[in-house]
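Below, chain A partners chain B and then partners chain C, in two separate complexes.
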Partner chain A sequence: MVNRPRDWVYVFGILLALGLLPLAQPSEYVLSFLYFLFSYAAMAVAWNVLGGFGGYLSFGHVTFFGTGAYVTGLMLVHWGWSPLITAPLGGLAAALLALVIGYPTLRLRGPYFTVVTVVTVLIAKIVVLNVPLTGAAMGLWMPFPPWDPFTSRVIFYEAVLVLLLAALLMARWVQHAKFGFGLRVLREDEDAAAAIGVPAFRLKLGALLLSAFVCGMVGAVHGYDRSYLHPDFMFDLHPSIMMVLMALFGGRDHWLGPLVGAVAVMITDELLTVYVGTEAARMLFGLLLIIVVLFLPEGVISLRLPKKPPRAAAAGEGVSSP
Partner chain B sequence: MKPLLDIQGVSKAFGGLQALRDVTFQVGPGEIVGLIGPNGSGKTTLFNVISGFLRPEQGAIRLGELELTRLAPHDVARAGVGRTFQIVRPFQGLTVLDNVAAAVLFGTGQGDVAAARRRAEELLAFVGLAQHRHSPAGQLTLSQKKRLEVAKALGTEPRLLLLDEVFAGLNPREIDDAIALIFRLRDELSLTVLMVEHVMKAVMQTCQRIVVLSYGQKIAEGTPQAIATDPQVLQVYLGVETGAGH
Partner chain C sequence: MLVEVVQAVVTGLLIGLTFAVLAVGFSLIWGTTGVVNIAHSAFAVLAAFLSLVASRQWGLDPIAALVGLVPLFFILGVVLHEVLIKVAARRTKELGLASMIFTFGLASFMENGMAYVWGPGPRVLNTAYTGAAVHLLGISIPLTHAYGALLGLATIGLLYGFLYHTFPGKAVRAVWQQRDGAALCGIPLHRVTALTYGVSIASASVAGVAMALIYSFTPATYMVWLVNVFLIVIVGGVGSLLGAAAAGLIVGLVSSLSVLVMPFVWTNLALFGLLILVLLVRPSGLLKR
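This part shows the complex of A and B:
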């Protein structure tokens, strides 16, 4: 089943073009901004698999981000392994933690689950602050990446771009697969879903593991880039809230929604932070989220997507403008 | 004849309220059996027990040779028990077609979304919703939603269909259509049907056998004619004193 072929051709075309951007010798500021944008977008896209498709709002995904960073950092510090190995292991560690957290909590429904996810961030932070192995409150110093500053920016830029690409492919696959059907159906009504044979718990857990893995990978890359980890930064609720905001703002029902949301939110955030100030930016985001939830529950992407995709998709018409 | 559904001594209590007390009956393959009783008599509780949403304290439920008693709801659905809900529960945000396609995907183990949608189209044609297949399920009328519930249940390829008040809220014309649909379920799809129903006309016309519950206990079982004249049933429903001395 091919769904709106033009959309993904555009999206992946743009991403590939962005992959070539460093050849044009952009400023480190541009690379750095896009690096943050891609990092957040990758996490928001992954978050959306559980939070958007499945409707299980998690404010705890920064826990997986931080876990990926710390596990990678510790392996780099103690064993000196290549980041190419430690980053995926960081993702796996995050997925493993997701299994431990998700196994009991995904039996909870809706708001109860959300509350628990917030608590996991607080617990993770306290644990890391008190375990000597992680450097506790002193933080963890990691070996510096061996490149000059510009090369370093380019490498990390490309790394998170690849992660974003992977997250998008994963979310796009989920949306159109049986898996995505199950998640959407259980979001609508978990009992009615069970009555048609949907193994809700297993699907929710699968979605959590996938999204945790991506967040863990992003955390691993980010940690290596910073070379210094501290619980206050790695287990901060703010990035968690940003992921949710981006996904809901962009549109939770489509794999592209969180990317659209990430672009919109990051650009707004950058402009506001530069010209108005951080506090104002955060207040405005709150307001923006309220407006979107009230008036555009399917996100800004619903402004562009047709209301009834199946027919158009089957006929291969793509997105038609109204 | 070996029963398809075998309910043996099922009891279920909610705190101090005994919702089901030692309920035993069977449904044979190809039968249409009605389950009636006043409000609160335990009909829907029994449905929830059969479909795995509630665990009985005592008793056993078998579908053919398969023990359903300890299965989770989604496993009961896959084992061949399709059910509808008394209060219709379409997946509002999905199209009518995808509602049924989801049931095909998860109820039958089908993995191919396109194939599931094709099967869903057939089922929607069967229940008479083909022209609404691309509407969001939330936009259907009540009688259409009830048909959608049936199509969803059919999507799981059930051997036994549990229909919970599919006639409630329908007008006389729609009731006639629904009665015809139930006969077609049996005759064309060889399904066995157990239905909870308050609309007596529908029960009398469709059911070969009726089981009557009152306060969680089975008080009568028999043909519609026998049930209609059963003194205990009349007393429960109408409060009629029958001279036989109750």
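This part shows the complex of A and C:
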């Protein structure tokens, strides 16, 4: 599948170098843009484990993002625990919710599953809007991070960069492990996969939990950065659409695809929002989804990766070597 | 209490009819081509906005505006078919997945396009008879509900006549039941599915106007309508016109009766819960034989 063994060296090298970027005193705008890019990329990479490798199209991952944000936000408000430390707990809460949602619904296939994921977002929004614990329609105000603006930007920037690296390592591991092969097999034909002994349900559930965990952690960090949570934007379908778009645009067959997609989509988004306004930008994203389906079903990354590696090379290096 | 229950039942049935029309078109496309058209309800919302424009600009009654809307949406449906089936279906072996992404993109495009042109706020269709009602045995039926339901009933009747008593309609049902078999019998698949898309989207425009008579709407409303439609199709079973009609009535009843026993905000939650429950218990549809 991967014919260029050194790709991952470049990718992780660049990302680690970006970790040193704050030393160069960049503007807060640059840090803020990269912060959004990294957090979206981390979620898209995680989404891809289930949506790309497994072929289970979920528009509901924003539920896990919102859950992570609310759980860690409440821990900050009530107990004073910093979300930067409790982020893994937010991830765990999201994974727990994913277990509750996924256990019954992952038996559904194709459009049935997808619609249920959309419905979970709507349900989560209604519940959070009407439960006093979460501040309901007033939203949840959290204490501000105790640093000056620039330090605060640097800290959040580094936090999401770490999450992105973790997500990439996870996705790369999944792709080359038996886990990932199983997922791709069941995407091709679930009944046949089950017949030859692929534990389809366990793989799907595992993939959902992993991706929910990452989304929950990103949500925790992001919620703390905003310091104010409201169901209207913590449980909005748009981020889910963006995750799907990034993964599909980049290429869902490779762990690197969603990152490439995230970079392309975020730069386009920034330019469009600045120059033509939000609604027009979102319109164009809808159009972009259509174009990807019509003309680039394998994603941008398929332009670079050879479609089928030469047999000799594959046999020589081993198909699974990174 | 009895009056309230009867009132809720009547309202629920009237609303259910309008939802049923929306669901029937959605079910047609799903049944014949295996495409889950997420943009279906977005077309309905677009029709609602266009009828609003017609009534504001030219003082046209929304129902009269359908004379122009139905042919227009028929053409839109055929265009959608040409792009989706001719271009997308040839490039992918997973049409189900690809078409969902495609129509999701289309729906998102339409939603934001409508928000761009008409703004994201809620709109209400005002007609000469908005606010008027018929009173009957202590219950009151708003005229808008009555006209919306009549429109729904007429459309379902027409669709039934088309599908069961005309030759092209029978061809549509044949493709629905056995695609390859229909092709072997000399039915031109491509033309039949193009016709299906046209009829389906045209019926979505009727449903959009009927629902706009009853509800206020925003560009984002399509998502709520879509969930209702999905629920109806799941309960009625994909590929059943009368099943969808009956399920529409059931969903209308559930949503109007649940208001009696729980606060309004939780009504949608009851419907969503019902959807997930039905999916888990009987994904092939409750009413399907």
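Convention: the second predicted complex is superposed on the first by the 302 of 322 C-alpha atoms of A that agree within 3 Å, B and C clash if a C-alpha of one lies under 4 Å from a C-alpha of the other, contacts with A are read in each partner's own complex, and residues count from 1 in each chain.
FYI, a contact is a pair of C-beta atoms (placed from the backbone, for glycine too) under 8 Å apart; a residue touches a chain by one contact, two chains touch by 3 or more.
The model shown is predicted, which means the values in this text are computed figures rather than measured ones.
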- Scan A:G135 for contacts with chain B and chain C and give back first, second, both or neither. neither
- Item | Touched partner set for A:G261, first chain B, second chain C, both or neither | neither
- Query: Looking at the overlay, what does A:P239 touch: chain B (first), chain C (second), both, or neither?
  - Reply: neither
- Message: Quick check for you: in the superposed arrangement, does A:G223 touch first (chain B), second (chain C), both or neither?
- Response: neither
- For A:A177, is the partner it touches chain B (first), chain C (second), both, or none of the two (neither)? first
- Message: Quick check on the superposed pair: does A:G197 touch chain B, chain C, both, or neither? Answer first, second, both or neither.
- Response: first
- Message: Looking at A:T114 after the superposition, I want to know if it touches chain B, chain C, both of them or none. Which is it: first, second, both, neither?
- Response: second
- Item | Residues of chain A that touch chain B when the two form their complex | 1, 176-178, 181-182, 184-185, 187-189, 191-200, 253, 308, 310-311
- Note on the structure: The answer for chain C against chain A in the complex is residues 36, 83, 87-88, 91-92, 94, 96-102, 104-113, 115-116, 120, 223-224, 227, 230, 234, 265-266, 268-269, 272-273, 275-276, 279-280, 283
- Message: Residue numbers of chain A touching chain C in their complex, please.
- Response: 55, 57, 59, 104-105, 107-108, 110-112, 114-116, 118-119, 122-123, 126-127, 129-130, 237, 241, 244, 248, 277, 279-280, 282-283, 285-290, 292-295, 297
- Query: Which positions of chain B touch chain A when the two form their complex?
  - Reply: 51-53, 72-75, 77-78, 82-83, 85, 89-95, 97-98, 101-103, 105-108, 110-111, 113-114, 116-117, 134, 136, 152-153, 155-156
